[in-house]
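Input: structures, listed below.
Two complexes come next, and they have one chain in common, chain A, joined by chain B in the first and chain C in the second.
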Partner chain A sequence: MFNLIENEVLKMISKKRLMFVLAILVVLISIFAYGQNHTAERTKAQLAQRMGITATDDWRRLADQQLIDMKNRLDSPYRDEKDKSSLRVRIEQLQYNLDNNINPLEQSAAKFTTKFMEQSIFLFLPLLIIMLAADMVSGESSSGTIKLLLVRNVPRWRILLSKYLTLMILEIIVLFFAFVLSVIISGLFFGLGGWLAPVATGFKLVAGKLDTSAVLNVPQWRYTLMVYSLAYFVAVVVGSISFMISILVKSTAASIGIIMSTLVAGNFISYFLSDWKITRYMFMVNLRLTDYLSGSFQPIEGMTMLFSITVLLGWAVASILVSFVYFIKQDILV
Partner chain B sequence: MPQNAVLELTNLRKTIKGKEIVKGVNLTLYPSQIYGFLGPNGAGKTTTIRMIVGLIKPTEGSVRICGYSVAHDFVKALSNVGCIIESPDMYKYLTGMENLLQFAAMNKTISQQRIKDVVEMVGLQHRVNDKVSTYSLGMRQRLGIAQAIIAKPKLLILDEPTNGLDPAGITEFRNLIRKLAYEEGMTVFVSSHLLLEIQQMCDIVSIIKQGSVIKTATVQEIIQHDDKVEWQINDPEKAIALLMDHWQIKATQLKTNTISAEIGQHPLDKLNEFFIREGLGLTYCTAKQNTLEDLFLGLTEGDQIV
Partner chain C sequence: MFKKSMWYSILVIACAGFIVLASGFYQAIIVTTMVGPQPSRETPMTQTTGDSTLSSKNPNSVQLLILGDSVAKGTGDEKSKGFSGYLPDYFKNNTSKEIVLDNAGIDGLESMGLLEQLQSKRLDKLISDSDIILVSIGGNDIRSILSLNTLAKEDEFRVRLDSYQSSLRLIFKELRNANPNSMIIFLGLYNPYEKATGLEDARLLTTWNYNTQQLVEEDGKAIFIPTHDLLKFNVGKYIAQDGLHPNSAGYQALSYRISKSVETILTGL
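Let's turn to the complex of A and B:
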C-alpha cells in the first residue's frame, strides 16, 4: 500500500497541481492580511478622531473603565445567570489584555490565522480540495492511463484506497501550509504573538436561542487547533464527495464544475434554510462548523454542531461507499 | 482445461447497451507462440482483449490465464500478463523512466537491472529521462512495450502495436516480438487489422468477424505455397480436358473464358506453349499467391463464410 501511495504522491507533485494550490494560498493570504491591516489602521484612526484618545497609549484607561462597569453589572442582583456568565467571560478577556498589555484592537498572527480559516472553511478551502480531489480518478480516465493501472496484479480496491489515502494526506498538507503561510504572512504585519490570549467558546443552542451560560475562555492556540481540526474534517468530507463525483463523471472539468456549482448554490440555499427543512441535510449548508465555536451562527431550530457533523459524516461515508462499489464494478471502456 | 495453456477463453460473451459485441469466443493459447488476432474494425477485438485483462467483465463465459480465473483469482491471473490496450497512454507529465518506475513499484519482483534491460531492449536508452510529452508516437509505443514486458509476463497482449511506428521501427518491433516469444518463452497475442503484419509476424492466426472467431489456423496452413494460375482462354472446356489428360492438373472454370488451376511443380511456360500448340487462343495468364488477404476478404466480406 505504501508504494502505491508513494506513486500517487509523485504523480500529484509532478502534475504541479499541489504547487498551484499552494500558490493560490500565498496570494490569497497576502491579500487578506493586507486588508486586515488596512482595516485595523482605519479603525484606530477613527477612534482617535471620535474619542480623542490615541488607541496605542490610552486604551488601558478605556479598558479599566469598561472593566469596572462590567463588574458593577455582575454584582447587580437583577441580572440572570446567562447574562452573568457571558459578562464573566468578557471580564476575563479584558483582564488578560490589561495584565499582558495587549491592545484588544490590535491584530495578531494567532487571531488572523484563526479568522482566515473561519472565513475559508465553507467555500475557499473546499475549492482548493476540489482542485486536488476532482482530478485523482477522472484524470486517469481522460488520459487513458487508468488502463495501465488496472491491468497490474493489484486489485482495484487497493488502487482506489491508495488514491483516497493520498487525498487525505494532501488535505493535511494543504491545511498545514494554510496555517504556516497564514502565520508567516500575517506575522509580517501584526507580529507573531497572541497564542495565549483567551477566546470565548462553548456557545449552545437552547430552545432556538443562543445560550451563553456554558461559555468559557480557552487560550487562542487551543481555539486555533479546534478550528483547524474542524477544517480538516470539512476537507475530508468535501474531498470524499469530489472523489466520488470524479469517479462517476470521468471528466475532470465536469466534476470540478458539478461540485463547485453545488457549493456556490449552497451559499444561497442557506437563505431558505429555516422555511425549507430538507435543505439542512445538504452538505453545503453544514460546512460552517467553526461558527458553532465562535457563537456567530444564526440560531436555527435543530441545527447544532453535532447535527452538522453527523450530516457531513453521512455524506462522506456514503460517498466512499459509492466510490468503491462503482469503481470495482465498472467496465473500463476508455 | 488443457494442461499447459497460457490463455483459455471459454464461450466469452459481452453485451454492451443491449448490443452483443462478442458472441461466444473460444480460444486456447499455448506457450512460446505468436498468435495473431485479425479482424476488421468493430469486430470485437479490443472488447475481447479488455475482457482478458479484466478491464471489462464478461456477460458470460470465462477467461483463464495460466490456469487462474480472471474473475475469481484476479491478482494471480494478472501476474502473468503484460499488455498494451489500444494506444500506449502513459503519464505525459512524467519521464519515461518515472513511468516505468511507477509500474515497477507495483510489482516487487522487478529489479533495477530489469528496468535497465527493458529500456535497452526497446531502444529507448537515450530518451528515457525526457518527459513523455516530448515523445513521438513511435517512442511512446516503445515505452508501452517496455511497461508491458517489464514484469516478464508469460502472456504478452498487444492491441494494434505497430500503429505509429515507421517501417524500420516495425521491422525492429517484429524482431523484438520474435525474441520475446522464442527466447524468453512468452506467448504473444497480437491484434491487428493489418493483414501483412500478422502474416509476417505470427505463427497462428485467429480471424474474428462480428464478434465470433470464424477461423483459427497456422499461417502456413492458410498461405499455400502451390501457385494458383488463371488463364483467359477462348475454349475453357477443351483446356480443362487437355490439362487433365496430359498433365493431371485439375482445373476449374471461373468465368465464361477464365479457368484456374493449381499447377504445383509444373513449369508455367511449358503449359502456355502447350495450349498454343493445341490451337487454343490464350489472351491472358496470371499467377497468384494465396495470401492471408484472400482468405480474410473471403471470410469477412463474401457470403461463403466458413
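Let's turn to the complex of A and C:
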C-alpha cells in the first residue's frame, strides 16, 4: 500500500502538474501582494486628504478617541447586552494595537496570508485542486496506462485507495505551499509580523440574524490555522467530487470542464435561485466556510457552520462511495 | 535518490500538516458553535426607570432629556462631557431651578432605531417628566451615502430621506403621546467633511435639513437648531480627532447656541 502511494506521488510529480500549480500560486500571490500594497498606500493618502490627518503618525490619537468613545458606549444603560460583547472585542483589539504600536491600517504578512485563503476558498483553491484531481484516473484511461496498473496482482480498491490518499497528500502540499509562499512574498512587502494580533471570531446565526454575543478574540495565528484547516476540508471535498468525475468520465478535458462549470455556476446559483430551498444542499453554495469564522456571511436562513460541513461531508462520502463502487465494477477495455 | 528524499519530505509535510489542520478544523467548529454567556438583558433598563420614578417630577427642577445618536450622547468630546455636561451650565444662567438631566443617546443610532427605542415604551416615564427634550438624529441615516457615485447617490438619498421623514413623523407622534407639553429641541445636521465635499453634497445636506425643519415646525412646540452654519468654517476648531463628531469646544458652542434660543422658555418654566 505504502509503495503504491509512493508510486502515485512520484507519478504526479513527474507529470509537472504540481509544479504548474505552484507556479500559478507564486504569480498570483505576487500580484495580490503588490496590489494590496498599492491599495494600502492609496487609502492612507485618501484618509490624509479627507480628514486632514496623516495616518502614519496620527492614528494613535484617533484610536485613543475611539477607545474612549467605545468605553462610554459600554457604560450606557440604554444599550443592549448583545452589542456589548462585540464592543468589548473591538476595545480589546484597539487596546492591543495601541499597546504594541500597530497601525491598524498597515498590512501584515499574517493578515495577507489569511485574507488570501479566505478569498480563494470558494473558487481559486478548488480550481487548483481540480487541476490535480481531474486526471488522476481519467488520465490513465486516456493514455492507456490503466492496463499496466490493473494487471498487477493488487485488488482494484487498493489501487483506487492509493490514488485517493495521494490526492489527500497533494492537497496538503498545495495548502502548505500556498501558506509558505504567501507568508514569504507578502512578508517582502509588509514585514513578517502580526501573528499575535487579536482577531474577532465566534459569530453565530440565531434565527436568521447575526448573533455577536459569543464573539471573542483569538490570536491571528490561531485564526489563520482555522482558516487553512477549513480550506483543507474544502479541498478534500472538492477533490473527492472531481475524483469521482474523473472516474465516471473517461476524458480528462470533459472531467475538468464538468467540475469547473459546476463550481462557477455555484457562485451565482444562489443569486438566481435564492427562493428555492434546495440550493442550500448543493456543495458549491457551502464552500465559503471561512465566512462563518469572520462573521461576514450573508445570513441565509438555516445555514450554519455545522450545516455546511455536514452537507459537504455528505457530498464527499457519496462521491467516494460512487467512485469505489464504479471503479471496482466497471469493465475496462482499453 | 533525489526522488526518494522528495517522497519522504512530502510524506513528513503531509503527516504533520494533517495533524495540525485537523486540530485547526476542530477549533473552528468549536468556535462557531459554542454557546456564549447568556446576557442578562432587562436588568439595567429596569434600574434606570426605577431611578426616575424616585426623582419623579419635582416642581423645583427643570428636567432635560437628551435623545438620539452619538452627537446626543456626547461622543467626540475629549473631556467626555458633551451636551450633558455643558447644557446645564448654560441653562443655569436663566433659571434658578435645579436641572435634572438624562441622556439616552446611543452611538450610531439611526432614525429607525430611535423610533424603536421610543416604541419600546421604556423611556415613556422619562419623557413624560421632561420639560425639555433635545433630539439629535439623522446623521447616521445619511452618512453612508457619501461614498456612492453621483447617480446612485441621488436615488439613494431620496429613499433615505423618505424613510427618515416617515420615521421622524412617528418619532414626534410617540414623543407627543408621552408628553404633549415639553419643549422639543431638534438639532440639524452639519457636514464634518467640509474640505472634501462638492456642491452636490452641500445641496443634499440643505435639502435634508430643510425637510427636517419643515417637519419640526409642524409640531408647534418644537424648535429646529441649525448646526451647519456654526461648523462650516470651523471644522478644524470644532470637530474632534475622529473627523466626524464635535469636540469639546464644538459641544460648548452648540450648547451656547441652544441655551440662547430657549432663554425665554427657560425663565418661564
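Definition applied: the second predicted complex is superposed on the first by the 331 of 334 C-alpha atoms of A that agree within 3 Å, B and C clash if a C-alpha of one lies under 4 Å from a C-alpha of the other, contacts with A are read in each partner's own complex, and residues count from 1 in each chain.
The rule we apply is simple: a residue touches a chain if its C-beta (ideal position, glycine included) is under 8 Å from a C-beta of that chain, and two chains touch if they have at least 3 such contacts.
None of these values were measured; they are calculated from a predicted model.
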item: Contacts of A:G202 with chain B and chain C, given as first, second, both or neither; value: second
item: Partner chain(s) touched by A:S143 [first = chain B, second = chain C, both, neither]; value: first
item: Touched partner set for A:L230, first chain B, second chain C, both or neither; value: second
item: Partner chain(s) touched by A:L306 [first = chain B, second = chain C, both, neither]; value: second
item: Which superposed partner A:I68 touches (first chain B, second chain C, both, neither); value: second
item: Chain A residues touched by each partner, larger count belonging to chain B or chain C; value: C
item: A:I278 touches, of chain B and chain C: first, second, both or neither?; value: neither
item: First, second, both or neither for A:L293, with chain B first and chain C second; value: second
item: Set of chain A residues, in rising order, touched by both chain B and chain C; value: 6, 10
item: Partner chain B, residues of chain A touching it in the complex; value: 3-4, 6-7, 10-11, 14-16, 143-145, 147-148, 150-155, 329, 331-333
item: Partner chain A, residues of chain B touching it in the complex; value: 16, 50, 53-57, 74-76, 78-79, 81, 83, 85-87, 89-94, 98, 102-103, 105-107, 147, 151
item: Residue ranges of chain A in contact with chain C within the complex; value: 6, 9-10, 13, 49-53, 58, 61-62, 64-66, 68-69, 72-73, 76-82, 84-85, 168-169, 172-173, 175-176, 201-204, 211, 213-216, 218, 222, 225-226, 228-230, 232-233, 289, 292-293, 304-306, 309
item: Residues of chain C defined as touching chain A within the complex; value: 3, 6-7, 10-11, 13-14, 17-18, 20-25, 27-29, 31-41, 44-45, 47-48, 70, 73-76, 78, 80, 104-107, 117, 193, 195-196, 236, 240-243
